[in-house]
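By written order: A, B, C, D and E. Residues from 1 in each chain.
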Amino acid sequence: GGDDQAEGQQELTVLAAASLTDAYEELAATFTEQTGAEVTFSFGSSTDLAEQAADGAPGDVLATADEASMQVAEDAGVAGEVTTFATNVLVIVTPPENPAGIEGLDDLTGSTWVRCADEVPCGRVALAVLEAGGVTSEPASLEEDVRATLDKVISGEADAGLVYATDAVAAGDAVETVEIPGAEEQTTSYFTTPLSQSEDAGLAAEWVELVTSEEGQEILVDAGFTLP
Amino acid sequence: MAGGAVSLDLDLHVPGRVRVALRAEPGEVIAVIGPNGAGKSTLVHALAGLVPATGSAVLDGTDLLALPTRERSVGLVFQRQLLFPHLSALDNVAFGPRARGGSRREAEQRAHDWLDRLGVGELSGRRPRELSGGQAQRVAIARALATDPRLLLLDEPLTGLDVKVAMALRIELGRHLATYDGITLLVTHHALDALTIADRVLVLDEGRVAQLGTPAEVAQRPRTEHVARLVGLNVVPSEGRLTAFTPDAVTVSLEPPVGSARLRWHGPVVDVSPHGDAVRLLVRAEPDLIADVTPAAATELGLAPGREVWLSVKETAVRRYDLAPEQTGTVAP
Amino acid sequence: MVAATNWATLPETLRSEPLQQALWLSVTTSTAAVAFCLVLGLPLAWVLARVSFRGRGALRALVTVPLVLPPVVAGVALRTAFGRTGVIGEPLLALTGFSFPFTTWGVVLAHVFVSLPFVVIAIEGALRSADRDFDLAAATLGATRWTTFRRVTAPLAMPGIVAGMVLGWARSLGEFGATITFNGNYPGTTQTMPNLIYVTRQSDQDAALALSLVMLVVSVAVLLLLRDRWLGVP
Amino acid sequence: MVAATNWATLPETLRSEPLQQALWLSVTTSTAAVAFCLVLGLPLAWVLARVSFRGRGALRALVTVPLVLPPVVAGVALRTAFGRTGVIGEPLLALTGFSFPFTTWGVVLAHVFVSLPFVVIAIEGALRSADRDFDLAAATLGATRWTTFRRVTAPLAMPGIVAGMVLGWARSLGEFGATITFNGNYPGTTQTMPNLIYVTRQSDQDAALALSLVMLVVSVAVLLLLRDRWLGVP
Amino acid sequence: MAGGAVSLDLDLHVPGRVRVALRAEPGEVIAVIGPNGAGKSTLVHALAGLVPATGSAVLDGTDLLALPTRERSVGLVFQRQLLFPHLSALDNVAFGPRARGGSRREAEQRAHDWLDRLGVGELSGRRPRELSGGQAQRVAIARALATDPRLLLLDEPLTGLDVKVAMALRIELGRHLATYDGITLLVTHHALDALTIADRVLVLDEGRVAQLGTPAEVAQRPRTEHVARLVGLNVVPSEGRLTAFTPDAVTVSLEPPVGSARLRWHGPVVDVSPHGDAVRLLVRAEPDLIADVTPAAATELGLAPGREVWLSVKETAVRRYDLAPEQTGTVAP
């Protein structure tokens, strides 16, 4: 692992997109059960993580929420075999009791709503979904990431927001979820790869295996992901 | 002037530093003298509200001690000057009139007038850093006077001034104060200031009032060695009374004096300096005494520092009076 | 960073509307914020430096709080207070129909919140370093506390005040986190330079660097102009 | 924010190992950073305040630069300089085998980078406010510049220096962006409180708020302790 | 002391403020006198390196002007004192010895000694703020002396001191300077300092040397009105020469004097003050003159300020000499 300890306790370090936090922590528990190895995460934005991996950051596995970031790692030659292991669909979330009465994309017009900025993965997806739905109304804000989008809704500042299904699940009772018909056409994909700086390639491979195994996929689905 | 006659009733105590009770009549100028550390600045600062004090200082019916500094209507020349370094001389002097609500033009006019009166009108555009010590001192005086205070507190206003300016200022100040119906406390180390400008002299010693009287009284019957030295007298305590005599009444000899002189002392000369046409000696006896001799006698006796001499005065040349400050009128023998 | 910039695309980057909007927004909101900070902070610093009262330490700690909050948490705190459903924000919205989030005023508010401690603490330090006796001299001349402050204390502490303003301005300009958390990120209204740089970096690292460089040049130019003019005084 | 905290889970939050690690890391790295800032910043501030030379304005601008960089850009700048392939980082790695990123020293470096301007500018302001004539008096007594600085200038500017340190410490403590960009977010090594709060907020808003509160309490406590001890002097 | 005899060769110019050329022999004490703004402090500061100056100041073979302040080995008592506010009196005085490399113990021992010599030993633990003006002044003197400078620059060291302390300090300083082989410049406004402590007197006027001579020379043939006033003489310029006479040689009358007196002036009395046993008048004539009369005469003539009087002196009571500073030896008629 990235941080080997003297007594031989195995350790695995995973650089993972922040939107994977919940699911990955659960996966880590399973992984420790199965292999006895401790898992350490460095969560961050996909862009950051890919660049850090490229710069030699200690770690065994990288997981990003978009292809462009993964490409950075590949270009730097630190990526191994890249696997797509999950996808994420957009949903509309509203504050509890849905005060603005949002039932679908069309209701966004005239309300205070938010989505991710065009430049970030969830924004690109949102743009496509909105285009497909024929929505032309402007959001109140183009959020830096999906978490910030969710946050605006939870806090009641926005009447609605476009977030990933996983975020809606993570937020639990703090939001109400409105599914978007046809959203599954426009998903974002998650990519993972063992890193060349890994000091325990076997363990890294085992992690990727777990994530793509049935057991792993189940955990991801529970967290709101869809499967590729 | 600030309008209306003003009297001051003072009974003030700054713990560990000074305690003074005093009544001053409208228009009075009181010189405050005393050795270093006697509490003169402390008294003045307490009246201005810069040092916390207990007791009372009733000026014109209101107790100053209950007011914040800015409402006390005092004018203070600090021993340290404290001119505002970022303002020109003019703006320093105009500061008070403006702070008290005057228009800019009026304030500057006043400031100009005062700077002119104190002979530094042409320096009005300079910052304090660009003034000499004496020039700055004059600006500081102008600043305090320009607010028309009801109580004027001057802490050694004439130090650092050259003789001519000091003399001119003494006159200017005397003239100003003569027509001024507020009360002035003038802290000084110079007998001339105390004796020429003041109506009364307050002598402080170790934080207490040692003497309070007219300049003539104080000059003739000084109660502390400090005042005696200030007015050029010798004062010797004996049997609960004070004996005073002038330096020229002292006879200096190398041998113990014979004859009737009951008052005699012995000690080394520690200083020899010219004094008018005479030569003044300082002799380290009990207490230190000063004696004036002719230059001829000084040469003849070889009176250089270190020389052991005998001093004596005739009983007829001395004045005796009580120590107690209450009985300022008594004369003896 | 200079080396990493893609010089070929720089002219194009410079002409882009988002950049121009964001730069303008950043400069104006930071300047407005520092003005508010001065209005609020100068008296506050003076009170902390000159007035003795119970709870002075607590007041100072309170002022310092935004300093130690991570920016995102600062944004959350702001929202709790000034959000649509916030302690102050809700009645404000009910009374006036105005609410801070998603507006340029919200940006200014966020900037003031994060910058105020810098302004206050820097100025307090300078006020404490300055000779207090000049205040006393002013009082003997009949000056009120306010006059004394305006004409004596503040001018004498001017270098410290300018330092405080520079810190506050720069802190506002670089602020990222509180602004986006509280106000979101909308071009022309709430998208300041740091926000633009952040989102740009998600898709185009080189463009983000170019933007950073522009911001740097502008802000250093402003700082250079300001500083020598004011700090030359003493 | 206090109201929004989930009090029921607070004790548990407090006992968690990540919190304790992150808090300890934050406090130690911030303290180390402010110590370095002082060592570097005090002389720098003195030079800016007291020595006249060509390029003083430029030096000051250079020092101010990190102030106006959005934290993420600061992280990128740091990487350009101190990364494994950075301008300084590469030779350093070759020579010593040591490299900053992803280590606790890297965290300290990031903190120093973002905090130094605060320390320098606050102290420069205070030095400029102080009466320069005391320096001259010391010179007539035969004191070297260094002795003068150590025994006269610095003690007289102490409130300003403390203010600068407080600002720098607080800035370090709240730093988020440069650290995560430059160093990643490894528990125990580079995961400071703001980073932990960021990660926690991804899954549990309440826990994140609780963490923020803990951080707030600790830092305010430290500030309260420090300030009255030092600022009481004059 | 700093070891070895030291001489000073001075030819110094601070543009617009002062220009002085001078040679001082080892151990010499030179009093610097002159009106406010004459350039006394500027001269002293230029020598200490606090004000930029051109020219040269060769002390012991090295040009001071080429050295930074701290290497000049000067001791300076500032007119503004400038005691370090954060250090105790003891630490203020010990600062110099320590800065020059002494151990802490040595330095504190020295500081103690000096504070004791200046009579403020028991105040050694106090901060400057907690000292009275005169106490602080003594600490400032101790601080300057404690470094054993080769060039001692005292800018009005005895102001703010009470008479007794001033006298004691004058003696102490005189004693110290007598055995001191460095060179001392003593700026003062007091004739007594200049005449008793100094070997020579440098008179500055408007930034130039107006006179340089022994105290006796300067006292007897003052070349500027300022010095004349300082030593209590009247000096009148006429036909390119100066005429000097003592105040008691002046006859005061209410009518124009008849008879042989060629020297006569007319003007109002502006000040009346006691002077020893006499009464001293200041008369605003061309130039201002002082006259001493007996108290009886003063009463009889009604000599109050504002009174117009005639002054005259007999030709036999005056001393005439040239204006030109070069010919200090000439006497006339």
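To be clear about the criterion, a residue touches a chain if its C-beta (ideal position, glycine included) is under 8 Å from a C-beta of that chain, and two chains touch if they have at least 3 such contacts.
Keep in mind the model is a prediction, meaning the values are calculated, not measured.
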{"item": "Each chain counted as touching chain A and chain D at once", "value": "C"}
{"item": "Co-neighbours of chain B and chain A - touch as defined", "value": "C"}
{"item": "Between chain B and chain D, centroid-to-centroid distance (C-alpha), Å", "value": "56"}
{"item": "Chain centre separation (chain B, chain E; CA means) in Å", "value": "21"}
{"item": "Averaged-CA centre spacing for the pair chain C and chain A, given as whole angstrom", "value": "34"}
{"item": "Residues of chain C touching at least two other chains", "value": "76, 156, 198, 201"}
{"item": "Per-residue multi-chain contacts in chain B, two or more chains", "value": "80"}
{"item": "Residues of chain A touching at least two other chains", "value": "51, 151"}
{"item": "Listing of all chain pairs that touch each other, if any do", "value": "A-C, A-D, B-C, B-E, C-D, D-E"}
{"item": "Contact set on chain E toward chain B in their complex", "value": "34-38, 40-42, 79-80, 131-135, 137-138, 155-156, 159-167, 170-171, 174, 189, 191-192, 195-196, 219, 225-226, 229-230, 232, 270-271, 273-274, 276, 282, 305"}
{"item": "Of chain C, residues touching chain A in the complex", "value": "76, 79, 83-85, 101-102, 180-181, 183-187, 190-191, 195, 198-205"}
{"item": "Touching residues (chain side chain C, partner chain D) in the complex", "value": "1, 3-4, 57-58, 60-61, 64-65, 67-73, 76-77, 80, 117-118, 121-122, 124-126, 128-132, 156-164, 166-167, 170-171, 173-177, 193-194, 197-198, 201, 208-209, 212, 215-216, 219-220, 223-224, 227-228, 231, 234"}
{"item": "Chain C-facing residues of chain A, complex", "value": "45, 47, 51, 68, 112, 114, 117-121, 139-144, 148, 151-152, 155-157"}
{"item": "Contact set on chain B toward chain C in their complex", "value": "48-50, 68-76, 78, 80, 82, 84-86, 95-96, 99-100, 143-144, 147"}
